[in-house]
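Each of the two complexes below includes chain A, the first together with chain B, the second together with chain C.
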Partner chain A sequence: MGAGHHQLYRPGDSAVHLLPPQCKLLAVLTFAIVVVATPKEAFWAFGLYALLLAAVAGAAAIKPAFVLRRMVIEVPFVLFAVAIPIIGMGERTEVLGLSLSVAGLWAAWNILAKATLGVIASILLAATTEPRLILLGAERLRLPSTLVQIAMFMLRYLDVIVEEMRRMRVARESRGFVARDIRQVPVIARSAGALFIRSYERGERVHLAMLSRGYTGSMPVTRDLRASGAQWALALSLPVLALTVLGASW
Partner chain B sequence: MHVPDGFFDVAVSVSTGAVAAAGVAVCLRGAKRELDDRTAPMAGLVAAFIFAVQMLNFPVTGGTSGHLLGGALAAILVGPYTAVLCMATVLLVQGFFFADGGLTALGVNITLMGIVTVLVGWGVFRLIAARSRRSIVIAAFLGALVSVPVSALSFTLLFWIGGTAPIEIGTVAMAMGGVHVLIGLGEGLITAVTVSTVLATRPDLVYGARGLTRRLVLRDADGVAIEVAPEESAPVRSSRPFLVGGVGVTLILAGIVSFFASSSPDGLESVGAEKGFLDQATAHPLGSWALSDYGAVGGIPVGIAGVIGVGITLLVAGSIGYAARRSAAVKTEVGA
Partner chain C sequence: MVNSLEVDRLAYAYPDGTQALYGVDLAIAKGERVALLGPNGAGKTTLVMHLNGILAAGHGTVRVAGTPVGKSTLKEIRQRVGLVFQDPDDQLFMPTVRDDVAFGPANMGIRGEELERRVRNALDLVGMAEAIDRPPHHLSFGQRRRIAVATVLVMEPEILVLDEPSSNLDPAARRELAEIIRSLDVTVLMVTHDLPYALELCERSLILSDGVIAADGPTRELLADETLLRNNRLELPYGFAIPAPN
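Right after this comes the complex of A and B.
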């Protein structure tokens, strides 16, 4: 989570990169819903979904190593999924000398497969679309514009705030601070308090600067984001193909 | 804590999505009252702050560490409406840009980590906080402390209704609750010290301590003191604390009641498991797979799960609708 958002975006000029953001957003969202709706017994369907995503990654020239590195985010839930067969109920079976719940094994497979496909789809979206464009696309999909603006400010100042916190951490540690147990919490909390005051005051300065430049409550959009029918068809071919697979698996 | 895709079935994903959307819509109106035209830049910066603070790991016990959720902290610092917006934005950005938390689980994530933590944290805080610095710090501690296990228990409850794994709700609730009481202690401590730090330097920035600001007293040449009336009109905040507190208490009750209600299906389940309940279920005339996918996880009848789900959804949706009506009545010109 420590990485700045610009590290997620891989610039390029492939067909996937050039699609309007709202098309890609809708495609990824419906793809995720189709994946979640797939019955867990349909192994081959998940394999086909993975192939679809691989085709998208290939078209966008995103290297598998990049996707794999970003998938670290999933690790805590992999651990949780591993625990389910052990604490699960019902009929049990022996695997490598461990007594595991059959239903729990199915559930673990279900969560791992769907979560992995969802994470890969999100990584591909973030890798092929500029962060600002994702938000403009979301606005075109009728996400309230205030929410979009909040997210834009957040993204714009995220690196500044995270950097500020990193400098505070360097300052703490260069004075010999190590967070060993609960007694060190007040030090961390005081940093958080200082960080809040700095963030809030920065927000006030940003707002005044915006007012002095004629801000009236909405940001101007300078880019034409209209999508043609062909672009919609290309983007939505991913969820439509997935839906066909889902239909065949029922 | 970020729930990925595949944890919940489609029904729960969609209904929590509706709850989250309604909650965010209400908060968009409410935040305009808390921050007027400064909503976008201020909430954006506060969201960035929450994102940064969530990366602060603090030691809990025995080598494990937790990180801050930040819902209660945000509610006390910037007010509940803005806090929900900030949490929702943080979760949206984490989902779309960092692949942290599934896109179909956004509704679950926003409901549990945004709405529940803020409502419970703020509700408990309002119940306890009085007009003194000490009481505000104590209230901040308790609000944050309660918000974490309630959020964890809500997760367990949702997982019981529409989760995709067979779990024994009693044991999981115990485990989740136990761990999260510890994490809640850390969250409460950090929240309390953070709030008291901000109170010491910029008390005007703490939304939960607005009652503390002393009135401006002007003395003229004869030494006569004149109190200047505060800018904000008092009646605006009369109904909101009650409403938010009420919803918070309801959620706590829901958590506790669900905990007690869990004991009888547990017994039923263990008996069912012993007697080969699973085989019987496959022979059920209504079609077992649809049943197992849509709520009858672990042998709980679909009806009970459904009624609980609908009840919770109605409760939350009803209170949100009530809040929307109130804010619409107060400010009629808000249209966007």
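Right after this comes the complex of A and C.
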């Protein structure tokens, strides 16, 4: 796993892949807002949203199986949503012999439908845009450049730190350490502390390396990411169509 | 001709009071390849940090191609002194090789075709042109070190300063890097305790010991002087011997 061959990213040259990142980011963001603003009773609207996303996936040649696999990230929300009707208050109804709260069922549906659409839209964004381009796009959308730089370094150094963590674990276990129960937590905590110090020191060395090559506080922008009107129009057609659906549902 | 590097009575103490350099004098002529030898803790890295103004001299001066290192000249100095750090993971911080090599010249305001030309040229010099679009962490250690060299060559520096260039390299990568260093038309200061590597690449060597230059002369002569090496905690690897030149 790494910046170029990220698990989420599927290289390709479809129209969706080629759109500038800032267009896609804004499209996904506004699409998510439209979805959230949709009344939960408008079942058909959610169906149409799903169709819109299916059309994007089709255009980008992203297979449903790929999207489904990545949706595992939603599982905690699903569990939460499943719990609501059971612990919910108020009027109750019988479903398959279970007494469930009506308001809870609506809330669960509301969360599930909206979260699922949001997650799918994000998966499609990540599948068609390299992680670092997403960050550059965010910078073009005026996200503070310090935040973008922090995220950029995270992307670059995640593997390095994970590898360092693995080496520390190997070193612990080579000397007979086995993490069995809660009593071993202090050892793990000390390792985490050591890892933090090491990463902090690496940060200082990286900063020196940056200064040595003329860094003065901002990352030079070397890539032309300007988007044409047509590209904006294409990207924003997703939220605009969704907005039309929303308008019809009111 | 102006020397590429001149260090004059350079002294430095860390903020906690530890004195690291006690008056270092050295001069390196344009086009020379010089090894800076010394045991761990001799002050090699501290000296290197002065060469491009990361540390400011407590006393004495550093001149690069005649320009004194100081606050007002930092930008120019950092373009002229190419520092290659020991750990390429510290040096290569951008998501792709292209972005990383472009970082320095882009900070100097170079853009567009000129930038692309320089990046490709620097990668050609280290034989890594085909890696241009790859993320650095997917390359081997030896490849990453070569790219680290490219990230400073792209600045077209007056002097290339390499900190332990042969460390952690397998024998083939070590030889490949030596060939690259030898092929470059640039002044080189190589900081190392890999004595055979110094002998292979540098005609002249300096020994830094306890914060002063303890010896300065032809590498072959210094390495043949067992007493000198022993006094400065330097040793040739087991089985090696360099006959004293006549």
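Keep in mind that, in the parts below, the second predicted complex is superposed on the first by the 232 of 250 C-alpha atoms of A that agree within 3 Å, B and C clash if a C-alpha of one lies under 4 Å from a C-alpha of the other, contacts with A are read in each partner's own complex, and residues count from 1 in each chain.
Keep in mind that, in the parts below, a contact is a pair of C-beta atoms (placed from the backbone, for glycine too) under 8 Å apart; a residue touches a chain by one contact, two chains touch by 3 or more.
Source: prediction; values computed, not measured.
J.: Please determine, from the superposition on chain A, whether chain B and chain C clash or fit.
T.: fit
J.: A:Ala242 in the overlay: touching chain B, chain C, both, or neither? Say first, second, both or neither.
T.: neither
J.: Touch check for A:Arg132: first (chain B), second (chain C), both, or neither?
T.: Touch status of A:Arg132: second partner only.
J.: Tell me which partner A:Val28 touches in the superposition: chain B (first), chain C (second), both or neither.
T.: Only chain B; A:Val28 stays clear of chain C.
J.: Touching A:Gly214 in the superposition: chain B (first), chain C (second), both, neither?
T.: second
J.: When the two structures are overlaid on chain A, which partner does A:Thr222 contact: first (chain B), second (chain C), both, or neither?
T.: Second partner only, chain C.
J.: Have a look at where A:Leu52 lands relative to chain B and chain C in the superposition and call it first, second, both or neither.
T.: The answer is neither, since A:Leu52 touches no partner chain.
J.: Contacts for A:Val206 in the overlay, against chain B (first) and chain C (second): which applies, first, second, both or neither?
T.: both
J.: How many Å separate the nearest C-alpha atoms of chain B and chain C in the overlaid structures?
T.: Superposed model gives a least chain B-chain C C-alpha distance of 6 Å.
J.: Common interface residues of chain A with chain B and chain C?
T.: 2, 5, 131, 152-153, 155-157, 160, 202, 206, 210
J.: Under the definition above, what is the set of chain A residues touching chain B in their complex?
T.: 1-2, 5, 8, 28-29, 32-33, 35-37, 39-40, 70-71, 73-74, 77, 84, 87-91, 101, 103-104, 107-108, 110-115, 117-119, 121-123, 125-126, 131, 134, 138, 144-147, 149-158, 160-162, 164-165, 179-182, 184-186, 188-197, 199-200, 202-204, 206-207, 210, 217
J.: Spell out the part of chain B that touches chain A in their complex, as residue ranges.
T.: Interface residues on chain B, with respect to chain A: 4-7, 9-10, 13, 24-25, 28, 31, 37-49, 51-61, 68, 73, 77, 85-86, 88-90, 92-100, 102-104, 164-168, 171-172, 186, 189-198, 201-202, 205, 269-270, 273, 277-278, 289, 293, 298, 336.
J.: Give every residue of chain C touching chain A within the complex, in rising order.
T.: 49, 52, 54, 75, 78-79, 81, 83, 85, 87, 89-91, 93-96, 99, 102-104, 106-108, 111, 115, 133-138, 151-152, 155
J.: Enumerate the contact residues on chain A facing chain C in the complex.
T.: 2-5, 131-132, 152-153, 155-157, 159-160, 202, 205-206, 208-216, 220-222
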